[in-house]
Every structure is written in structure tokens, then in C-alpha cells.
Amino acid sequence: MIQLTHNPIDFTLLTESVRSNQAGAVVLFLGTVREMTEGRQTVALDYDGFPEMAEAKLRELEAEARSRWPVIEAGIVHRLGHLELGDISVAVAVSCPHRHQAFDAGRYLIDRLKEVVPIWKKENWSDGSTEWVHPGAEPVKSQI
Amino acid sequence: MIQLTHNPIDFTLLTESVRSNQAGAVVLFLGTVREMTEGRQTVALDYDGFPEMAEAKLRELEAEARSRWPVIEAGIVHRLGHLELGDISVAVAVSCPHRHQAFDAGRYLIDRLKEVVPIWKKENWSDGSTEWVHPGAEPVKSQI
Amino acid sequence: MKTKLKLFAKARDLVGAAELELDLPESATVAELRTALGEHSPALQPLLASLLVAVGTDYASPTTRIGGRTDLAVFPPVSGG
Amino acid sequence: MKTKLKLFAKARDLVGAAELELDLPESATVAELRTALGEHSPALQPLLASLLVAVGTDYASPTTRIGGRTDLAVFPPVSGG
């Protein structure tokens, strides 16, 4: 299951979709909206994405993981739009015969997702300002 | 949530129990009953445990994980009794501010669980034989 | 040649548009697109060096010819997850 | 002294009982318990070297005195997960 959605992520459904009699291990990763980042308080996040390319890249990442580990099933769902504190922004689920494979493949998928999948988040800080998060780009605060 | 249970494990409940606004990452690990092990076919597993000590050791493991990573919440549930193919035997959930902490803490908990928690599984092979799994002990097949 | 591109995230906000049309030679590469973007929208200057360019659903390489294409996308470093 | 212990998994099956009472000197350690177990239940011999001993809810160390205790447990290497 590769999906971008504006609705809350159903991690139970995603996890069930990767379970298999061939797998001894399932790893689920959830990214959730954290309140504090380096001493600053977030009240919400807005996620923007380039859906066609994001889905294509997620499929490539699944293929990469399958080429490296004996993945039985894998699924990635990323949410877009306005998220409140504690909401799930991304869910990655993977099943493998053995646990270290599942941990490695799951970590690989979320690490690579953060590097290559065209999705961006905008911080809504508690002081009322907003700020796109663009790692490595010169910080320019915008008030929108 | 530290628990031994004879009932099916509700991983949704466990995962929800570790979610927090202070966490940016949740990792859930599920151990599930795999059909094939080194070419042999399993039809079911029976888990035996020493409940008082197992629960004490699980609490110690949670404390160990908390001393090594900034764990927000952690939970471990292990099932005992008769499990069919695909059933969940163990669930470990952990939340941390950042994802690599959650992956490392989750992997540590399941790795250590397999080393020190007094729970044992008995294979029910497809040829009708049964066999306790005791890593490192001399293999003696029993027909029970 | 007419070259069409989508903009995302802060690049879209700074330009003030989700899509843009530039006139580029057919042989234009990412470097020339960057220059043209900076001239068209000076507000993009601080972001220019870090902007990524996609052709279709793939990242463009420095030698990819992009002049005249209509399936380009330009955006700053990603931050999903 | 009367020393009581629980047995689990294959150790329980080989002994044919979930609990056992042995007579051990107060100074007895894990090594002496092993010997006494092997004498009491010869079927345990193949497993004897790998058996683990717990006192209460903690693993016994080689020097833990276990004679006379009633909260012992003896079991083969664990395989949960």
C-alpha cells in the first residue's frame, strides 16, 4: 500500500496489510507531530506534496528495500494538509522473515523518504509565525 | 503497558498507549508465527512462561531502555499458550522524540527480551512432532 | 522555447504562483533554469542554490536538457516524514 | 534442607513434574543443584549444562546460596519473542 492522503492515517489497516505467514517480524514506524523542536513550540504542521512524483518515489523506495532485504510486504502512507500535535504524518510498515531485516528495511524506508520524496512541512510556531522546513536551504522566515 | 496474556494481542491499543505530543517517532515491533524455519514447516507454536519473573524482567528491560534513550512511553505484551500461523506472539512499542532513538530502543527491547525473559516456545512441526526451542541446549526431540 | 514548471512549498510562496512559464533555449539545463528563475523572481534568490528540479517524476541531473519541457517541477529541499 | 523449585518447558517435560523438592545443604550453589537434579532425574542429563536457575525473579549467580530456598526456578535457555 503506497498512498498519500489528506485523511487521518489508519496504521492498524496498514500493519494488517503487511502481516503474512511467511513473516516472523513486522516493524511499523509512525512519524507524529511533536510539540517541541530545539526549544521551540509547534502548534501545528502543514504538509505540502507533489503527489505524482511522491508516489513514484515511494514505489522506488519500496523496490530498493526489496532489493536489499527479503521483504514480504511493505506499505507507506504519508498524510498531507493540516496536522495537529500528536497526529500521524507518516506510517511505514514492513514484514520480513526475521526481525533485524524488518528493522533495517523500515529504517531505510523512512530515512530515504526524508531524503528524496517531494513532501514539505511548514511549522506553525506558538508565536504565530510560520516557517517552511527546507533542510540545507538558507532560512528565510515567512509570515503567511 | 507490560503484560503477559493468553488472548490475542491488540497492537492498536498498545501503539496508541505510547503515542505522545512529546514524541516524533513511534516504533512498533510484532513477532508473528512464521510457517517456514530453515526449510521446516511449522503448523503452530505453544508458548510457556514463568509469569512473575517474565513480568519483572520486562520491567527491567523497559528501565534499561529508558536509561539509554529518551523514551517517552514504552510497552511490551507477550502472548502465552497456543498460537496459529500468523498470530502475534509479541508486541513491543516505544516512542521517542526522534526516529533513530525509537528504532534503537525498539530493537534493543526485543533483542534483550529474547535473551533474558523466561518464556519458551515449542514448535509443532508439520510432520506431527513437537520440539522445545532452547537455543544453545543440546537438541533432544520430544514426542508429546 | 516555452517551458512550464510547477512550484512547491517556499518556492511557490516566494514566487506567488503554483505554476510558471519561462522562455528557455532547448539546450537549457538546470543551471540555466536557475538563472532564469532568479531573474524572473528575485525573491527566490536566497533559495536559488538549493532548489531541486524534477522532470516528470524524476530528479533532473545537471546535464538533463529541460528547455521546452512542460512537465518540470521546482522545489526546495524536501522535509516530509 | 528442603529446597523447592519450579520447572519449565523441556525441563518440566523431562522431569515429568512442574515442581520438585530436593534436599540440599544450606550452602548449596547452582553447581550443586545441577548435580542433585541430574541424580534425581537422569532424563535431564542432556540439558543439565544449559539449565538456568532463578531465585525469586532474578537469575542466580554461581555463588548464590540456594539451599533451603523455596522460590527457585529451573529452566532451559529462553526462546520467547
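Each chain gets a letter, A, B, C and D, in the order it is written, and its residues are counted from 1.
In this text, a residue touches a chain if its C-beta (ideal position, glycine included) is under 8 Å from a C-beta of that chain, and two chains touch if they have at least 3 such contacts.
Please read all numbers here as calculations on a predicted model, not as lab measurements.
Novice: What's the minimum number of touch steps needed to get from subunit B to subunit D?
Specialist: Each step joins two touching chains, and the minimum needed here is 1.
Novice: According to the touch definition, list the chains common to the neighbour sets of subunit A and subunit C.
Specialist: none
Novice: Can you compute the centre-to-centre distance for subunit C and subunit D, using the mean CA position of each chain? Integer Å is fine.
Specialist: 72
Novice: Between subunit A and subunit B, what is the separation of their C-alpha centroids in Å?
Specialist: 25
Novice: On a C-alpha centroid basis, what's the spacing between subunit A and subunit D, in Å?
Specialist: Each chain's C-alpha centroid was found; their separation is 49 Å.
Novice: Of all the residues in subunit B, which ones touch at least 2 other chains?
Specialist: Residues 31, 99, 110 of subunit B each touch two or more of the other chains.
Novice: At which residue positions does subunit C touch at least two other chains?
Specialist: Expected reply: 81.
Novice: Which chains touch which?
Specialist: Inter-chain contacts occur between A-B, A-C, B-D.
Novice: Which stretch or stretches of subunit C touch subunit A in the complex?
Specialist: 6, 8-10, 13-14, 46-47, 50, 52, 54, 56-59, 73, 75-81
Novice: Any idea which subunit A residues touch subunit C in the complex?
Specialist: Residue positions touching the partner: 31, 47-50, 52-54, 56-57, 78, 89-90, 110, 113-122, 132-138, 140, 142, 144.
Novice: Going by the contact rule at the top, pick out the subunit A residues touching subunit B in the complex.
Specialist: Interface residues on the subunit A side: 11-12, 15, 19-36, 85-86, 95, 97, 99-100, 102-103, 106-107, 110.
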